[in-house]
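Which chain is which? They are A, B and C, in the order written, and residues in each are numbered from 1.
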Amino acid sequence: MSLHADTSASFRHLLDLELLPVHHLKHVLQRAQAFAEGAQAPQALAGVAVCTLFFEPSTRTRLSFQLAAQRLGAYSLNFDASTSSVTKGETDLDTFRTIEAMGVRGFVVRHKSDGAVAALAAAAKAGVAVVNAGDGRSHHPTQGLLDMLTLRQAKGEDFSKLKVVIVGDVKHSRVARSDVHALRALGCGEIRVCGPAALLPDDDTLHGCIVTEDLDAALEGVDAAMMLRLQRERMAEGLVASLEDYHRDYGLTAARLQRAAADAIVMHPGPMNRGVEITDEVADGPQSRILNQVANGVAVRMAVLEVVLTN
Amino acid sequence: MSLHADTSASFRHLLDLELLPVHHLKHVLQRAQAFAEGAQAPQALAGVAVCTLFFEPSTRTRLSFQLAAQRLGAYSLNFDASTSSVTKGETDLDTFRTIEAMGVRGFVVRHKSDGAVAALAAAAKAGVAVVNAGDGRSHHPTQGLLDMLTLRQAKGEDFSKLKVVIVGDVKHSRVARSDVHALRALGCGEIRVCGPAALLPDDDTLHGCIVTEDLDAALEGVDAAMMLRLQRERMAEGLVASLEDYHRDYGLTAARLQRAAADAIVMHPGPMNRGVEITDEVADGPQSRILNQVANGVAVRMAVLEVVLTN
Amino acid sequence: MSLHADTSASFRHLLDLELLPVHHLKHVLQRAQAFAEGAQAPQALAGVAVCTLFFEPSTRTRLSFQLAAQRLGAYSLNFDASTSSVTKGETDLDTFRTIEAMGVRGFVVRHKSDGAVAALAAAAKAGVAVVNAGDGRSHHPTQGLLDMLTLRQAKGEDFSKLKVVIVGDVKHSRVARSDVHALRALGCGEIRVCGPAALLPDDDTLHGCIVTEDLDAALEGVDAAMMLRLQRERMAEGLVASLEDYHRDYGLTAARLQRAAADAIVMHPGPMNRGVEITDEVADGPQSRILNQVANGVAVRMAVLEVVLTN
């Protein structure tokens, strides 16, 4: 659930892209685009403390948020909840409330459990904002936003004619869910989803999407291929036979990419398993927008922190 | 030992509350109250580097000091001595002197051994200040100060009529010792201490306190109940039979709290073991000042850092 | 390999002292001396993000660079690659490019493999600078620079009459290699190297040096003794019989130090194994410059970051 006013440009927390009104989503993308083009706001959050509170570790996402906070003039603090007092038996909510009581106004929270970030946001005091940096399999809204920004930069603002395919372990992916929510909200012409049956969700996540297990078919004529990371634990769980099998069936190679539109772009949220879901040739090739995604990540997080912490 | 001039408002290090002259203690509380009410000093420590040097991990205390340092304009650095070069066999003193030689002027030090922080302070160069963030079972002066600030906010500056009870594992608690030192210094009317015999100190720590194993009696008419965290290793050590037994005899419940004065406040240094030393009803109830303590912690640490680093 | 323009005062990366033109080396030392004497440049790197990217942990070097970056007004970020997404199978180059894509312009990189830092530098985008904070056994250029600064402060700028001895595990030491490169570049009169045969390099590292296994002879008349840390794993590897044997043959004692010039200085890169390669009496004695080295480390790193990030 996103908690927000419906009419203004601002909203209080960013928890998901599913319920976020589309005008808010577009407002963030517009502001992020300005930051991506070099806009500066070095005093926007002067005197504001922003804490990255990660109950599940992720160095790259944390770093991206820290840079965004610093570039807005905020104090940046880190609480690695995966290794600290949480292990002393404190509840997540007490950890959150304690840091909140210290005067921290912005929280960037990652948690392995679905809904855990929203639960903390629901308990936040007035004036305190929570940004979901990934919860369980559910939501990773800033990843969704940065993917949309990357798409817009390559393909323009009108998504109605676009064909986009998301490939891989959609079932366990909060990235995929946030991308689907955002693509729907922005009126993407065709959302295709491709992966082995064992890695496709069996709920209504993909309502309205074209779902297939055949990557060659899925790539036909697309404007963008969004590759997902294959977590190696899927092998141990028996959901994937081997990395070799997965690569053969679902790895994006230069040959396969020729099925896509000539100007199709390739995306990946990182970190990449080169040689598994994507080859070097594609990852480093001219159609890759993978490093643009990373750059856009900082811009999007600046825009989000600015919106939720200034109003 | 506290090293300080006796007459000025300033002192060089903050190592304990036992030997700190009461006018210094009151000066810090007064300045901390100003910070708690919103006073700002964003340039007070501009250009000064403050390092949290923790030989024993504690995320929440570290974070509180970091926020305090940042709000005064200091550079904030962290050296987690529990996981770094110390493991290469370097002495604590060499670690301290090395960071000191880098130009760090403020040290916030936690150590598992009694007296270890004072030993480093004794070796400090001119112009360098050490704040004890907890050593062994001995001292945790900023916790004592923030507890006193919380008491003052609730009960006024005159402690002579106050009855305060400290409950729990007093024997192993630097928080309890620092609270007793501070309550004595501020002329608290009655200091009660309550816990099972195995968790009460057998030295002269509690000189002048009313000591009992009976929590119901100890709570009778008190103005404040300061609950201590029960470390789970006390079970392994055979000092406590079980969490259930401990909760039955020494857990603060809403029913028990009725024995205290009607306007009594409840305090806890955190992190809490809910359902062990304190129930949810009390921790989250109207008499709880637990989150006020956390907020006061930043204010007290700002005041302490300002005093020891500006003169 | 150092990548640099040959004529200006600036160079792009600092990877080693072997190929760095001597006028660059001297320029850095001159600027570092100014910082050591109190020069300030609090806005030199305002708005620039500097990331310490350590594939091999080192708290003290990281802290020294962080302080240097902060004192120049940079944003300071840390990516501990020894514990993060690298373990998810990402290549070092992808990790580097990802942080680079976030807008980080300065990288301080440590790596356990020889040449790994230079490989990342070769891939850096225009405008991005890499400083080698130690790679394998090869290079640790800022350590070499801070050692030279310390020597200059004690002995003046003309090294042509100086006799310097480096003692210990030269074979595995990037510190020793960088010191030899720098001493050669600055025209040191006599470079002696001393250690047990098993800890001396068998390649051409020591070309032009006087090499001996006899410490008493090696110390005769030297102006400076640079002691190296003995890594304890050398025992497990069978390269050293015992700490006691090593100390007897290669430990610097006050008695042995008398063989050196009366005003000889003693240096050690830290952390020290007191009682092994150096005694307390020497480490803490009047000829020790060990803490000066640490202080000079921040000054040198300020100078290096300023040079590579402003042009």
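Basically, contacts are C-beta pairs under 8 Å (C-beta built on N, C-alpha and C of every residue); 3 or more make two chains touch, one makes a residue touch a chain.
Because the structure is a prediction, the values reported are computed rather than measured.
Trainee: Touch graph of the chains shown: is it line, ring, star, complete or other?
Mentor: Looks like everything touches everything, fully connected.
Trainee: Call it same or different for chain B and chain C: same when shared residue numbers make up over half of all numbers used at their interface.
Mentor: Mostly different residues: under half of the interface numbers shared.
Trainee: So, what's the distance in Å between the C-alpha centres of chain C and chain B?
Mentor: 41
Trainee: Please set out, as single numbers or ranges, the residues of chain A touching at least two other chains.
Mentor: none
Trainee: What residues on chain A touch chain B, complex-wise?
Mentor: Chain A reaches chain B through residues 47, 49, 51, 75, 77, 79-80, 84-85, 88-91, 94-95, 97-104.
Trainee: In the complex, go through chain C and note every residue touching chain B.
Mentor: 40, 42, 57-60, 63-64, 66-67, 70-71, 232, 270-274, 291-292, 294-295, 297-298
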